[in-house]
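Structures follow.
The same chain A turns up in both complexes below, where it pairs with chain B and then with chain C.
Moving on, here comes the complex of A and B:
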């Protein structure tokens, strides 16, 4: 059952993308660790982390594509799930610091000592264990999405209204995480990490491993999403995206379908956030900013919604552009991003990958038609020959 | 009051619904027996589509009873549940899934597990494949099976939708204006198709095309202003002075 699900998911473009990601997971760390710094093919560590960060953004965009591209749910709050996963990882990393913090408290993170707290809050229990934190990385965003989706989809909130309440959700979380008494480090968030799984988080080897983990997580998620999208369930998603009430009259529980896709998507976003935090070294409430979620929508639109590969390409292109652009003209980046969104919406509504796929399909069709015609003329040519 | 018979497939009694004070259905009573093919006529705004909305759970009645197969109260169930109980519906405006192929449209409509996991791990069995091929042949779309539904002609979309209804294997089929926009030849074929379908299940057809209704040759109900004006054979109904005044004479 599961194997057929996975085999079906591996259509050609997806298979190529997965192969590239697996290759990157090996080559980039190798070029970083095994070549001398002056070697022409050497990839410096800062680049490894930068690209690792892009891969986590790509995973976030892929997660959004599952709900936006295939169910028509324009979530403007997906960065919230990313941030929740990031916080879960951040809490693990904080507890790994142990007595090495500025206050030397073996149990309490620095910010708690600073706030004069005497005990570890109950919700920090267990985060000293990696497996527990890893579980929370998936469960917490999944649970938030499940509860949110349960109410929203059951009340049949759709379209713009749904988008607005997803923005409200991420904004509410932003305000909550800003508060010191919430116990997540308030304004400053969680930072000054030292180790992950016993390895120095700054070390080249750790950085390379985190990059590889990001590439693998993206490849794995691509296989899973393409399996979902390629199954009959995926067809139901597209059906309800295009004609929701018709789908209900066929007997499908539209709200359950959406809830499943939304929850899986939030879990993927959580994994992306968890891989992001150790690579950038900090998580703070700014990650919940409504604008962050909107940026994810732009990446996805630029790459091409509903294509799975598109959001990955879009996230890497836009963020690569951002890194270059903000170095040259920092104050113009937001204008450039806004302009890009307008241009893509007007001239490339299918996005970069969507448009390319469209043209390829058209060319293939034209070639097939031409071949048919050739065969026909060949036959006609053959007839008089036979007569002679 | 209609007498409730345990054999009755569909039973509506005293159903009323209003939209912003406008009474779309006014104490409507209506009964369909198993295996019956019934035609419904009536002027625009008579409440024909609204009646289907009530039966399929899209609209809740303000008052009145709606029972399926004797004792299943349809007013307490939602669209998905009612569809699973065996009531299929074709809309007035043809709605097929345009971004899916003809084949996928039928596969989606097939009467199989509709849950998240049932669909996630669904595999097309030989039996399901044969069933879809059979329906494709019935609605004459075999040649278009791999084309997107968006590319079908209007009449073909109507037929695909009828095919989707067949795939659902409902006990009761509600068909809203199936021949609107069809050519005369298509209309005649549709009448044959519906009569054929009605051999194994009950069908309720709403239509304005009197020629088509005549072709069907079944009991006719005329609705007007949300209630039943007349019921009987086509000749009986079309000679009723109230029907002539309200509908045919216009």
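Moving on, here comes the complex of A and C:
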């Protein structure tokens, strides 16, 4: 069953994308570590970290695409799951600092000493172990999404209402994490990390490894989402996106299916956040800001929702553009981003990848039709297009 | 001859009178100079002696002493009031109040004061100013005596009570007297009377007085005091609840203002306008611009600047809304999620435009006189600007309701939103109605901005703070129903303010959000749900 899942998931474009990602996971670290700094093919470490960050963004966009593109749930709170995963990782990294903090307390992170706390809050227990933190990276966002989704889908909150409620959720979390009493570092968040799994977090090797891990995580998630989308379950998911009531009347438990997709998506977002935090070196409540979640939506929209490659392309395109833009004309970035929102929704509703696929499919159909006229026998179907 | 006698008599009289006046002044001067030599422990007596003279100059002297501005000259021990003047001290004669030149600081020694001296100064001043001819000063003195009741000042207060005619000052003085009585050794009947008085109009200030008296109360008085405390606490609770309701109404009116335009665009038309908050912001900036022009060109019109800004803000944001609807939103009808994204993009552009033009910092918008200040209503403090905003929000609501229910345009709007194709068949130009409805919603956001500029910081981020709250109000109240928005705004406002004292501001807000999310479980269509076929469309 697992092999069939894998075989189904690896349709050609996905297989190519996974192969590229695996290749990147090897080549970029190698070029960074093995070539001399003046070598023409050398990749500087800051670029490795930057692109590692983009890959985590791409993973977040892919997670959103699973619920938005295939299930019709426009979540405006996906950055919240990303940030929750990031906080779980951040807590592990904080515990790794140990007695090397500015206050030298072996147990308490600096901000707790600063707040005059005497002992570690219960929810910080266990985060000194990597496996526990890694588990929490997946479990916490998954659980939040499960509880939230269970309430929301059960009472058939959908469409824009759901979007607004997810936005309210991330807003509430934003406010909550800003509080010092919450025990997550308040306004400043968690930072000053030293080690991850015993390796210095600033070292080139660790950075390259984190890049490779991000690429692998993205490739793995691509396989999983592709498997979900390509399965029978995925087809029903698309059906409920396009006609929810009809799907329900056909006897499918629509809310269970949505809940499953939402939870899986949140877990993926959590993993993305956990890989993001060691690469940028900080996690603070700002990550919960509703604007962040909406930005993820635009990455997905630019790339093309309903395609699995689209969100990855979109996240890298938009964030690459952001890096260039904010360096060159800092005040114009928001104009550009705002314009992107308007133009993409008006003129490119399928996104870059979706539009390209659409054109390719049309060309192929035209060619097939021409061939059919020529030979009349060749009935090869155009490959079915991915759902829009 | 007669004249000579007269002159001589007058001279004699003067001779007799002058030294007497001089002698009094001389006595006062001696007393003041004694301050310079007195030990800290003996200061109290000197201050009491000064206060006893009852001379008007004493007030200034004691004030200076309390503030540490009284210095003695090292050479001759003369005491002066001083003022900083660069590195020198400007000297003022304590008796005549005339300037006495400047000296370097080193030539003077400061008269030291500690807390017990300051207390003595305050008590003495209280007694002195209680008899001042200025009503405001008497009231202030009476209040300060009430806050720190001291048995020694009882006589002074009673003297003042005899002379006092003003009702407000009398009330305060009587309370102060009652407070002092409780600590004194007067007979129990008088004390009982005092407790009764404190209980009746004591308020918050009476609580510590009564609790202090409870410790040393004789038999028979204890029950009285306990009952009084209980009754005052009950009254306090009542007023606190009242104050919370007031704050809640005030917050609710702000929410209503922010959400009411959204109730049109989202509630009636179904457009998710994420740039709604930016319309509010544009309205606030219009107010700023209007005030700027008024201030520089027509300063006499300043009190009217808000009235001028209102129609301008409505027109400006309405036009922006019209352009938005015609330029972007109309292509996205039937695709609500895309509308959400496009309008979010527009909100980013608007924010950044304002930031580029006006800078990222807060802009100052002034309050006209009729919107500043506060008044007391029972135990409530009510600020005028909040009161006006509640009135304004309700007025806007009423006007909008009238427009939708009683005018041809409102009729067309409702027709188009209920059944577009049928309305179109009946000859209504639906695209025009769409555009006008959206412009109306945006214009109302603009006038909300005029009002909110009075209580909030006018900055490019002004709108962002309101957008989530306003959506919550509309969703909670029920989409497509203005009454729902009204009830939703005020109930969320009041709920928020009642949670705040227990949970803190932030946690209160989180709780409200969670409650709304739970509420939507029960009633996904809000408090006042639309019924009928339109719902499932």
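The rule is short, and it goes like this: the second predicted complex is superposed on the first by the 375 of 388 C-alpha atoms of A that agree within 3 Å, B and C clash if a C-alpha of one lies under 4 Å from a C-alpha of the other, contacts with A are read in each partner's own complex, and residues count from 1 in each chain.
We take it that a residue touches a chain if its C-beta (ideal position, glycine included) is under 8 Å from a C-beta of that chain, and two chains touch if they have at least 3 such contacts.
Bear in mind the structure is a predicted one, so any value in this text is a computation, not a measurement.
Legend: residue contacts after superposition of the two complexes on their common chain; A:339 is shown touching chain C, with no touch to chain B. With both structures placed on the common chain, the touch criterion links A:235 to chain B but leaves chain C unconnected. Contacts of A:139 after superposition on the shared chain: neither chain B nor chain C is touched. When the shared chain is aligned, no partner comes close enough to touch A:30: not chain B, not chain C.
In the superposed model, A:298 lies in contact with chain C only, and not with chain B.
Touched residues of chain A were counted for both chain B and chain C, and C has more of them. Shared-chain residue A:171: touches chain C; no touch with chain B.
When both complexes are overlaid on chain A, the residue A:246 reaches chain B alone and has no touch with chain C. In the superposed pair of complexes, A:224 makes contact with neither chain B nor chain C. In the superposition on chain A, the residues of chain A contacted by chain B and by chain C do not overlap at all. Considering their complex, residues 1-2, 4-5, 228, 231-233, 235-236, 238-239, 242-243, 245-254, 256-257, 260 of chain A touch chain B. Taken in their complex, chain A has these residues touching chain C: 74, 148, 151-152, 154-157, 159-161, 163-165, 167-169, 171-172, 175-176, 178-179, 290, 294, 297-298, 301, 331-332, 334-335, 337-342, 344-346, 349.
Every residue of chain B that touches chain A in the complex is listed here, in rising order: 56, 58, 78-81, 83-84, 88-89, 91, 95-100, 104, 107-109, 111, 114-116, 119-123, 164, 168. By the touch criterion given at the top, residues 272, 328, 331-332, 335-342, 344-349, 351-353, 355-356, 468, 471-472, 475, 506-507, 509-510, 513-514, 516-518, 520-522, 524 of chain C touch chain A in their complex.
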